C-alpha cells in the first residue's frame, strides 16, 4: 500500500505533502485500521446491520465491544485504535444530543458523519498531532431512510450498500459483491452480514466472539444483540 | 512537474522558499488535485455548466458527490482531497449566508471566491499546517452575469471560459480549445461539458457515474441534475 | 516486542505513525510497564482482589505502595512509572468525588476508567508530550457487580476476569489460565491472587514485600490489607 | 543570484542569518518575483503610469489583473505570487480607507507604502512564516505630487523615476535608462511605459494581453484603461 | 548507569521513550544529582536528622547552604543543581504556608512531598523543558510522627529510614546498612549521620564544611545547627 | 570575523551559545551591518554631525535616506537592513513622543538608546526570531550636552567621540583617529565627517550621493541638510 | 572547561541534559563571562569594594560602565554580555524600588540576588531561550552587614569574601588568596581590589581605564568613584 522506500521525510509529519501529492501519515493511519479486527455493515431496503469480530487475546479477558450506540436511531462500528475511536464516539454522542436539544429531532445521519469527519480532517492538516487511526461504519435511519456510511482517517466518508473494514475486510467484501442485491431485506441482510463476518474471521466464529446490531425503518431503534439472540441467529445460518 | 531531486529540505515545509523562489509544498498539493477525479466547467453567454466524474471504486459504494450548492445562485465542483474540500465548502456557505444577512443580496461570485482564496493563502505562508490539497471550479450568476472561476491550492484564482481540473483535465481542455466559442449558449455548453467529461473519463461514462449542474441567467438557480435528467441529456449526446 | 531496527524516525514522536500503522512511542511506553513490578487482579463472583509486589531496593527504604484507594468502592493497582501513575490517580479521585457530588452516588467503575483512558489517549495523539508510562488494574464494585479493568498506555481498556501486568505478568497469567474458573468466590480468588504473585516474584514473597486489597459485593468497601492481615492469609496459603 | 551551494541550513529559515549576514529566504522570495510577469512604472512631472503583462496560459482563461486600485488617488501593480499580493492589497485598502476616516484626507503615498513594508518586514524576522513572495509598484498622487515607489519582499522600498520588476524587467530598465528624462510628461511617459513593456514581453504584446493605468496631478484619479482605450494608445505607439 | 551508545535520538528529549521504555533525560538528570555534594538523612523513633557537605571550592567563598527550612516542622536537604533546588524549595514554602492558612494546621509531610513531586513529574512528560536536576531529602514531624522522604528528578518519592544522595552516597549508605537499627534514638541517629557524612566526604570533614539539622517529636521544631553547635557534636564523635 | 568552519549547528539559532560562549547569529547580523553603506558621526564640544552614503544602484532610483529625525533634539543614521531599521526607528519616535507627553521634556538621549537596545537584546535571546541586522548612530543634544552613541545588533551601545559603521567604516575611522581632537567645534567636525565619508566611499562622493545632518547645543535642533546646503559645504572641503 | 568533542546534540539546547548530567549551554554561557573584561570585589568588615576594567577598543569610544547602582545601599559589577546584563539590572532596580514601596525599607541584599537568580534559572530550564551570558558581583550593606555575592549564568549564587570574574579573574584571585584576611578594613580592601585589578589587566591600568565603587557600613551609600578620585587612590597604591 505504501512504497518500499519513500524519500526520507515526506512521511514524517502530517503537514507535508509528498512530491506525488500524497499524505503518507494519513495512509499509515489506514494501516492501523487494516490491522484492526473486522467490522462490516449491510444496508437493506428496510434497515441496516452492523457486525464485528470481538475475539479476545486471552480467555480471561472479555472481548472489547466495537459496536456503540450513538443515539436511539444511529450506531457505529469501528476498526482501528480503540482509544481514538472512543474520543470520536463521545463527540458523536454530544453532537446527537445537542441536535435533539436545539432542533427537537434526531440528527440526520449524514450530518452526524460530516461533523465527525470535520474533526478527522483537522488532524490531517495541522502540525503537532497525528491523524485518528480509526475507521467507522455508521448505521442509522432518518427521514431519508436507512444509511450505511464509512469514514476513513483522512476525513472522507462514503455512502455504502455493504462494506467491511479491518483485517478481514477483503474476504467479506468479496462475498458481498457476489451476493448483495438492491432489494435485500433486513433479515436477509443480517444473515449476509454474519456470513461475511464468518468469511473474514477464518476461525472462532461463535456468538461469543462477535457483536451484531441492527436498526430497521419500522422501529427506528438501534439494537445491539445479546449473545443469546446471536445464538438464535446462528441457528438460521446453517 | 517537479524536479527529480530537489535539494533536500526545500520541499519539507510551507515556510521555505526554494532557491528558485518556488514553494514546493504548494506544487505538491497541486499533485493531489491532479490525482483527483476530473471536474470541469463551461461558461456560456447565458449561464454556466459544471460536470464531474463520480465513479466509485466499488459497486457497493455510492459515488461521492463532487458538486455542491453554496447558495441558490452559486455552486462548486472540486478535484482533490475530499476532506479538505468539505472544510472550505462549509466556509463558503457561511460567507454566502452572512453576506445575504448583512447586505440583503446574494454574494458576488468573485468576492466569494476571493474569501476562499484568502483562507487558502494563509495555509501557504504559515508553519504548522499544509496547503489545502483541493482545487475548485465555482459557477454562479450575479449582477455581472455568469462566472466560472478556478481556484488552486496556492490561493490564486483564474476567471475562465472553460476549464477542467483533475486526472483527465488535459483531454477535456484539448476538446474545449477546439470547440469552445464565445457565443456559446447554455444548451450547447452543457453538451460540450458532457463531451469533455466523456473524453476525460475514458470508460464508464454513464449517467450514474457523473454529476452535472448548471445555472442560467434567467432563473439564477444553481441546479444539480438527477440521474434521470442526466439520462435524458445523454440521449442528446448521441 | 519492537523490531530490531525500526526505520529511523518513526519511533521518535507520538505524532507519527509508522508505515505499518503502529505508534512506536505507545509501544515503548508499554515497555516501561513491563519493567515495573508485578501487579495482578482476580475477579470473583462476589468481589475483586488486587495484589502487587512492593519489594524495596534497599532495606532502609520502605517499599512504595502500588495499590491506592480511589473511592470507598474502587481502588487501583499499577505497574510502570510511579510519577505518571500518581498524576492519573489524583485525577481519578477527583472524578470520583465530583461524580458523588453531582449525582449523589458512587461513580460507575467503567465510567471512571473511561475518563482516565481519555486522558491517556490525548497523550498519544498530540505533540510535545509523551504517553503515560503506566498501566492500571482498577477493581471496584458498582450496581452492575464487581469489575476488574485493565488500562494501557494507549488509552485502551479491557474488562478482565483475572489479569497481571509488569515484569512477572506472564507467570501469573499462566497460573490463572490453568486455575481460574467462573464460579470462583472471593476467598478462593484471594488465595489465587497470592499464588499468582508468588509465581511472579520468584523470591522474596513475604507479607512485608507485597500489598493486597479487595472489595466484595457485601460491604462494597475497598480494603487494603495490613501486614498482619497478610501474614494470616499467608498461613492459609500453605 | 544565490551561490551554487550555500552551506546547508542557512537558507532553510527566515530566522537565520548566513555567515555573510544574508537572509537567504528573503533572497529566494525575490526569485519568486523574478519569475512573475513583468510590471513597470514611469513617473512623469505631472503623473505616473503603471503597465503590466497579463498574458494567460490558455486561450480559455482570462488574464489575471495585476493592477489594482487602492484608493481613488493611488494604485498598485505587482509581480510575484498572486495570493500573497492579494493579502497585502486588501490590507493597503484598509489602511487607505481608515486614514480617510480618521484624518479626512487621502493617505500620503509613502505612508501607505511604509505600512505595507512594515508587514513585509515582520515576515522576514519571525519564525513559522515565510516572506511575502511579491514586489509592488505603488503609483499615486498626493500633496507632494506624483510618486512611484517599489517595495521588495524584505520590506525595503525605493522611490523611483522609472522601474520594472518581474521576468522582463531588465529589458524595460535598459530602455528606461536610455530614454527617461526628468521633464517627461504623462503622455510621453505612457508611451515609454508601453514601449518598455513591449521590450519586456518579447511577443504577444497586444491590448488584450496587457494592463495599463495612470494617474495625473490634474484629476488625481487612478484610472485603469479598458482594452478599447489601450487599442487607441497602441495606435500612437506606431 | 547509561549505555555507552544509546541509539541516537532517544535521549534528546523528555518526550521520547527509548525502545526499552526508558526516559533517558530523567536518567541523565539523576547524574546531575550524583555529581552534587553528599546529603543524607537518618530517621529515629523520635526525630529525623539531615546532614550535608558544604565544602567551598575556594577559601574566599562561603560554602553554600544545602539545608533549608520549609516550615517550622519540616526542612529539606538537596543534592544537584542549586538553581533548580531553589525554585522547588520556594514552591514548597508556599504550599506549606498556604496549607496553614487554609486548614489551620501544619502541612502533612507526605502531602508536601507529593506536591513537589507533581511539579517534577510535569517536567518529565511535556516538551520544551528539562527535568529538575535535583533530589531532595525531606525531614519533618507531623501527626503520624517523624518522616524522612527522598524525591528524585522523575517525580518518584521513597519513604526512608536512612538515606544518602550525591557523590558520596554509596559510602554513607554502606555504613547505614551496617549500623542502622529500628530502635535508634535521635541522639544516636545524629552521630550516625555525622559518621556517614565523614565516610562520604573523604577529607575536609570539619564543622565549617558541613551542615546539620534535626527535628524531634518533642519540640517539632526543625533546627539548623550553628558551627559552634556542630563543633560540640564533633567532640562526641571521637 | 567568523571561523571558516564553525562546528555545525552552533550558528543556526539565536538560542544557542557556541562552546566558546559566542552567539554566532548576533555576529552574522553584524555582517549585514558591514555590508551596508557607510554611516558615520563626529561629536564636537558644541554639537554632533552625522553623515551617510546614499548612493543608488540605478540612476532611475532615488537614493534611500539613511538619516532620520527621531525628535527635534535627536536623530539617527544607520547601516544594515532597511526594513529592520525602520521598525526600530518607528519605535524610537514613539518612545520620544511618549516621554514628552508624560514628563513634559525631551527624552534624554541615552535613555532613548537604552530602550532601543532593550528591544534588540530580546531578539538575541528568544527563539523563533532573528537579531535585528542593523546598527545605529544616535546623535542628539540633551541637558548633559551633545551625544553620539552607537548601538549594535546584540543590544550593546557605545558612547563615542567619532564613529563609523558599514562597508567603508575602517577608512573613516583611520582618518578620525588621526585628526579628531577633544576640542573640536561643530564646523570643524562637519568637515571632518565629510572627509571621513569621502575616504569611505572611494568614488561618487557628491552632494547628491550623501546625506548629512547635525545638531548643535545652541539651537538643539536636529537638522538634515538639503542638497543645496551640502553643495555649499563641499566648497569648504576643497 | 568543555570536552573537545561532546557527543553531538547534547549541547544544542538548554532543555537537554548530557549523559553525565551536565547542561552544556549553561557551561557555554560561562565562557561568555570568561571572555568579558575583569570585574572583582573585596568584602571588608566595614564595607565592600567593587572594581572593574573598562578599557575601550578604540580611543574614540568611551569605555562602557560596568558598575551600576541598583539602589542607594547596593550596586553591581558584571562580566559578560552587555545587553543581557542591562536586562537583569533593570529588573533588579525594579525589585529594589518595589521592596521599598511595599515594606518601607531597603531590600535585603540576598533577597535581591535570589530574585535575579530566579530569572536566570528559568532561562536554563525552558526551551526557546538561551541562558543569560553574564555573571554579577553584587555589593551592598543591609541589616546583616556588608555583602559580596556572585551570581552565575545557571542561577546559582555564592557569598564571597573576595571574588573576581572575567578574563583576568584567576590572576586577581591568586592575589586575593595570598593577601586577603578576615579583619580587612575598607581602605585596605580598596587597595587590595585595585592591586587585584592591576594584576588582571596586564597593561593599561590607569584611572581612565577602570571603575571602582564602594559602600561602607557607616554611610550605607553605594558610591561610584570619579576619575579624579581614582587618580588620588592610585597615588596611595605606589
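In order of appearance the chains are A, B, C, D, E, F and G, and numbering begins at 1 in each one.
FYI, a contact is a pair of C-beta atoms (placed from the backbone, for glycine too) under 8 Å apart; a residue touches a chain by one contact, two chains touch by 3 or more.
Nothing here was measured: the structure is a model prediction, and the numbers come from that model.
Asks: For chain C superposed on chain D via Cα atoms, how large is the rotation, as a multiple of 5°?
Replies: Rounded to 5 degrees, the superposing rotation is 155 degrees.
Asks: Roughly how far is chain D from chain E, going centre to centre by Cα mean, in whole Å?
Replies: It comes to 68 Å between the two C-alpha centres.
Asks: Indicate the whole-number Å distance between the mean C-alpha point of chain D and the mean C-alpha point of chain F.
Replies: 30
Asks: So how far apart, in whole Å, are chain E and chain F when each is placed at the average of its C-alpha atoms?
Replies: The mean C-alpha positions of chain E and chain F differ by 55 Å.
Asks: In chain E, which residues are in touch with two or more of the other chains?
Replies: 14, 127-128
Asks: Linking chains that touch, what shape results: line, ring, star, complete or other?
Replies: Graph shape, chains as nodes and touching pairs as edges: a ring.
Asks: Starting from chain A and stepping next to chain B, in what order do the chains sit around the ring?
Replies: Here the ring, read from chain A toward chain B, comes out as A, B, D, F, G, E, C.
Asks: Going by the contact rule at the top, pick out the chain G residues touching chain F in the complex.
Replies: 2, 6, 8, 11-14, 24-25, 28-35, 56, 58-62, 64, 81-84, 86-87, 90, 123, 127-133
Asks: Can you list the chain A residues touching chain B in their complex?
Replies: That would be residues 9-10, 14-23, 114, 117-118, 120-121, 124-128, 150, 154-163, 173, 176-177, 180 of chain A.
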